[in-house]
Amino acid sequence: MQTNNRPVKEIAQEIFAENQAERILGWKRGEFFYDNSPAVFSAADELQEFVYDAFCGSNLSKFLVKEAAKEGRIAVLLKPCDRYSFNQLVKEHRIDKENVLPIEIDCDGMVDIDKVRALGIKGIKSISADGDQLTIETVYGQKNCSKEDVLLLKCQTCKDRTGGDRFALVREIEEMSSVERYEFWRSELSKCIRCNACRNVCPACTCEKCVFDNDKSGIANKANSDSFEESLYHMIRAFHVAGRCTDCGECSRVCPQGIPLHLINRKVIKDLNEFYGEYQAGADDSSVGPLTSYELDDVEPDIVMNRGGGR
Amino acid sequence: MLQKQQLQAETIRRISGVNTRKCMKCGKCTATCPAHSEMDISPHRFVSMVENNEIDALMSSDSLWKCLSCFACVERCPRGVEPANLIEAVRVTAVRMQNRNRLLPENIPSLLNNKLPQQALVSAFRKYSK
Amino acid sequence: MQRIGVFVCWCGTNIAATVDIDTVVEAMKREPGVVHSSDYQYMCSEAGQSRIRNAIKEHNLTGIVVCACSPRMHETTFRKAAKAAGLNEFMVEIANIREHCAWIHKDRTEATEKAVVLARTAVAKLNLNKPLTPGTSDVVKRALVIGGGIAGIQSALDIAEAGYQVDIVEKEPTIGGKMAQLDKTFPTLDCAACILTPKMVEAAQHDNINLITYSEVDSVSGFVGNFTVKIRKKARSVKADICSGCGICTEKCPSKKAKSEFNMGLNNRSAIYIPFAQAIPNVPVIDRDQCIKFKTGKCGLCAKVCPADAIDFSQQDEIIEQKYGAVVLATGFKPIKLDNFDEYSYAASQDVITSLELERIMNAAGPTGGKLLRPSDKKHPHTMVFVQCVGSRDTTGCGKTYCSKICCMYTAKHAMLIREKYPDIDVHVFYIDVRTPGKNFDEFYRRAAEDYGVNYIKGMVGKVAPTNGKLMVQGSDLIADRQVIIEADMVVLATAIEPDQTAKSLATMLTASIDTNNFFTEAHPKLRPVESPTAGVFLSGVCQGPKDIPETVAQASAAAVKVVGLLSKDKLVSNPCVAGSNELLCNGCSNCQHVCPYGAIDYVEKEFRINGKIKIRRVAQVNEAVCQGCGACTVVCPSGAMDLKGFTNQQIMAEVDAICR
Amino acid sequence: MSIEKKEFKPLIVAFCCNWCSYAGADLAGTSRLAYPAEIKIIRVPCSCRVNPMFVLRAFQRGADGVIIAGCHPGDCHYTSGNYFARRRMTMLFSMLDFFGIERERTRVDWVSAAEGVKFSTVMNDFSKKIHELGENRRLGDLRCKQTIDR
């Protein structure tokens, strides 16, 4: 993929050539073509492994918390949606901005390999994108499909493209009856295996020590021992990132159990927008978030009791 | 006898919704009443009489039927006691005791009196039309 | 492990009648950490306290739980007792088994069960308590008095006499307040001006008192001992330092259509004016809404005639900032608006007036020169009717639910003065109750009735109808059980009083609480009547509740003593229950800084040794002298680094667990 | 064998701010204004001290309702605490609702030190709601519950 009509790899090479930074945070090819993973490159020759294609979904911002603290300026490649997380982390002083060279790169949506497979396409050897179409080389010959159909969940409602209504599903759940909502989340959250992937990938979860790992916090636990803890973990996580979550969608992308965790965060974002005015965390790196500010005439908590939605 | 009056007083308080204990005996109802000159018992006493279960005396008073139901006393009472509502309730009790609930329409013209205030008529319709 | 002692108080029968004390004592013996559990009739008594002290020594206790009344009542008492026995005073927890249990539950089993839960909750918390040491902070030796009426003047004088600097902020151009408008004062009938103006002069001339008139408080920050107050000095358009107060400007001013506020709108004043002859400071002010110069740009006559060249049309509002150790609220009252009381025809007839208007009419310096004349035709009245409780004791929402307290007495005063000066005038007073508690008050009222022949009618006025130049007053006479109609020339309404409108915004600025009627709330209705619940804020006069002049002065002096007591301290002991950050957990995210109302949190770059490597991290630090311990920061801290001493996350969760066990 | 149905005795945790609501509760006590004994009060310095974790903890340990009472907006002893609490609790309650927890189990009310009557009314009303809802079965650690009949 390209940015300003130049391959991103070229941009990366230029950074080293012109000595703009000592290290570059980007993606390198994994064992399979679809599991590109974040990597730090410290020399031009390491860039052979550099890759930027339709499988670079992972958000690099969080890695800067550790990497930017190290010696030497680091360049980071930020897709438009990753930029929000980057700003939010800068705002919270988690990233030393001075030590980072942020490079914004274009993105036209990342592909979910499972969705391609779900179309019944088997024996995939490689996938290349050509505009809206994907060309898929398989052991059974070439196949085609529309890229739109196989985008990552988070890319389907991309904030920077005219995507679908990102709150549509949230609204659907709101309209359920209280019992249905309960059953819905029970069936989803009972799948949780407490692998902590959602927390570990979340750019808003960068605490020095997570409360779930801190046995003095009173809520520390390593595994869900009953249904309450399955919910508790996700509720507390959603509350901790409330007002700071940029809706990057990484939680749902990495969940091995396919739990739509982003819906919880989106519910919070939707509420914050409705109650306290539109707010996009990470839209800038200085504004004060909705849960650390207030207005004298804020809605009263009983709005939850009295507003619509299923009961 | 007293017990009967007590029960009646309770009924009156209940159907009128008036808490007679709220009265602080300021007399603004009597001060306000436009029909006071016709009354043998002043409006402020309605309240204390119901409070003290003196229903028989109230039922046989002229005042009961002289009240115009103009609600001036209700409007101006500083404690929200609503003496006129009390009178309405006493009237209803009295009417019920006479075993008839309503006037028959054909009987009304003969009862009409030119001196009767319009307000009283309207009030009567409001009360007895249901 | 703690060694906890539990002490269960009977409070006479207050607790023991509903809670089975033995059950609580026995149950507590089984709680973790408890090594001693006993009971006594009155724990707060000296005998009770000595039991606590002895038990602490005897059992080598590390903390105590007292199951008694509200901690708001006796927490300090028991802390002192613990301290006397060598225990840290913050190793004391109170289980409120009186107000929150014995007094509200009738069923003995239920109440006892609850008392056990409350007691074990306190034990659970105490198990996690740590000894705390209070910090200290400095006291700014200067007081602010807000309001320059008799209450504010008296408080200021007393504080100043004790040797401390006081500023009086008054929103009107002059100090004096409502008392300056009064004619005579009950029950001695001294002239209000004769006793007030010397005090005004004394305040103005006192070395320690600084008058800031025509000014309002803009904002307040800080805390007891160290408030920072911004005061807005409104533009007078007159240079106060060079004005000689000669008054030529007010005479020559061509704009004379403004209603005189001081005379309750009964006559007019000029656009540049001095509210009244004895005003202090004796400096005029330009009413910019009325001034021709400000309205059209032409005129400026006052500037031309001023011999001192003191007129300054370009003057701007000025903000001054000052630090204070204590604040006295003396914002006073105003009569309510009578919009909800059409029946008295106040708006319809000029001859229906409020009592405060009558004060001005009776006053020798008032609009009629002290002659009692009907406002409508300036004729001598022959019959006057006074109506009591206009808007007071009204639960319908039209008026105020409370008794305004001063009306009975001033009405007796008015009636008496009128009968004395004009024996030809018939005076009728409609009353619901005549309330005269106070020294020589009832005698005064009886004199009005017995010696001066004032006709007191037990009843209320239902309607005042202006008819052919007269006022037809329809009222009730409950003793005679009849309706009466009086043809009156004037009707005087004893209008309810309410707190001044500035009370509400000041309450917000100072975080001083107000009640549903906007009167300031006292820290304790009986035992701390001149203090606001907010430390360093004191109450003086009617802003706390209706009261007459002697009571106001008494309260003003009481508040002054409290202020002096505070200012005389060099250091204040601060609350040790403040926030603190665990630097190892702190992310440096600034969330806590955003929500701190006191700006008590700073961030520093600090070196840490982590796994043998030096790392510089940004961490939060709490200024313990500034922190007031609200705990807002603890909740926004995602990592739980920020915690509140005395109310830690673990302690509160232990309480939750103990309740839900 | 007869199974006696145990009468539902709810457990309600009330977090009261020290300056207004706790004092309001004291006044309710002084005025002998009754409210059910199932309501147990925890004193916190300010409604903004109430961490949503505490609310969840209470539910975990078997509470059937949680109420947070603070000073009226504008009257906070600490100027702004209750404004923050208002936002936080609104968000928490909305989230609990989203998870299918009955809305009526949580409540925030503003009770001043002078409002003993209001304190008692609010508590009676809240307790009534919880009685109507019955036991909290959707949220809570089953291991902490003894009364669940399966």
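Order of writing sets the labels: A, B, C and D. Residues in every chain begin at 1.
Following the convention adopted for this analysis, contacts are C-beta pairs under 8 Å (C-beta built on N, C-alpha and C of every residue); 3 or more make two chains touch, one makes a residue touch a chain.
Owing to the predicted nature of the structure, the values given are computational and were not obtained by experimental measurement.
Q: Taking each chain's centre as the mean of its C-alpha atoms, give the chain farthest from subunit A.
A: For subunit A, the chain whose C-alpha mean is farthest off is B.
Q: Which pair wins on C-beta contacts, B-C or C-D?
A: C-D
Q: Could you state the distance in Å from the CA-based centre of subunit B to that of subunit C?
A: 45
Q: What is the distance in Å between the mean C-alpha positions of subunit C and subunit D?
A: 31
Q: Any idea how many Å lie between the Cα centroids of subunit A and subunit C?
A: Comparing mean C-alpha positions, subunit C is 54 Å from subunit A.
Q: From the mean C-alpha coordinate of subunit A to that of subunit B, what's the distance rounded to whole Å?
A: The answer is 74 Å.
Q: Do you know which subunit C residues sit against two or more other chains?
A: In subunit C, residues 595, 636, 649, 653 touch at least two other chains, as defined above.
Q: Spell out, as numbers or ranges, the residues of subunit A touching 2 or more other chains.
A: Expected reply: 218, 291-292.
Q: What are the residue numbers in subunit B that touch two or more other chains?
A: none
Q: By the touch definition up top, name every chain pair that qualifies.
A: All chain pairs meeting the touch criterion are A-C, A-D, B-C, C-D.
Q: Please output the residues of subunit A touching subunit C within their complex, sorted ascending.
A: Those in contact with subunit C are residues 69, 91-94, 206-211, 214, 216-218, 240-241, 288-289, 291-293.
Q: Using the touch rule from the top, collect the residues of subunit C that touch subunit A in their complex.
A: Within the complex, subunit C touches subunit A at residues 584-591, 594-595, 603, 615, 618, 636, 638-641, 649-650, 653.
Q: Inside the complex, what are the residues of subunit C that reach subunit D?
A: My answer: residues 70-73, 96, 98-101, 103-107, 110-111, 113-114, 117-118, 121, 507-508, 511, 513-516, 521, 533-534, 577, 595, 597, 628-632, 634-636, 644, 647, 649, 652-653, 655-657, 659-661.
Q: Within the complex, which stretch of subunit B touches subunit C?
A: That would be residues 22, 24-33, 36-37, 42, 44-45, 72, 76-80 of subunit B.
Q: Report the residues of subunit C in contact with subunit B in the complex, numbered from low to high.
A: 343, 389, 393-396, 398-399, 430, 432, 458-463, 474-478, 481-483
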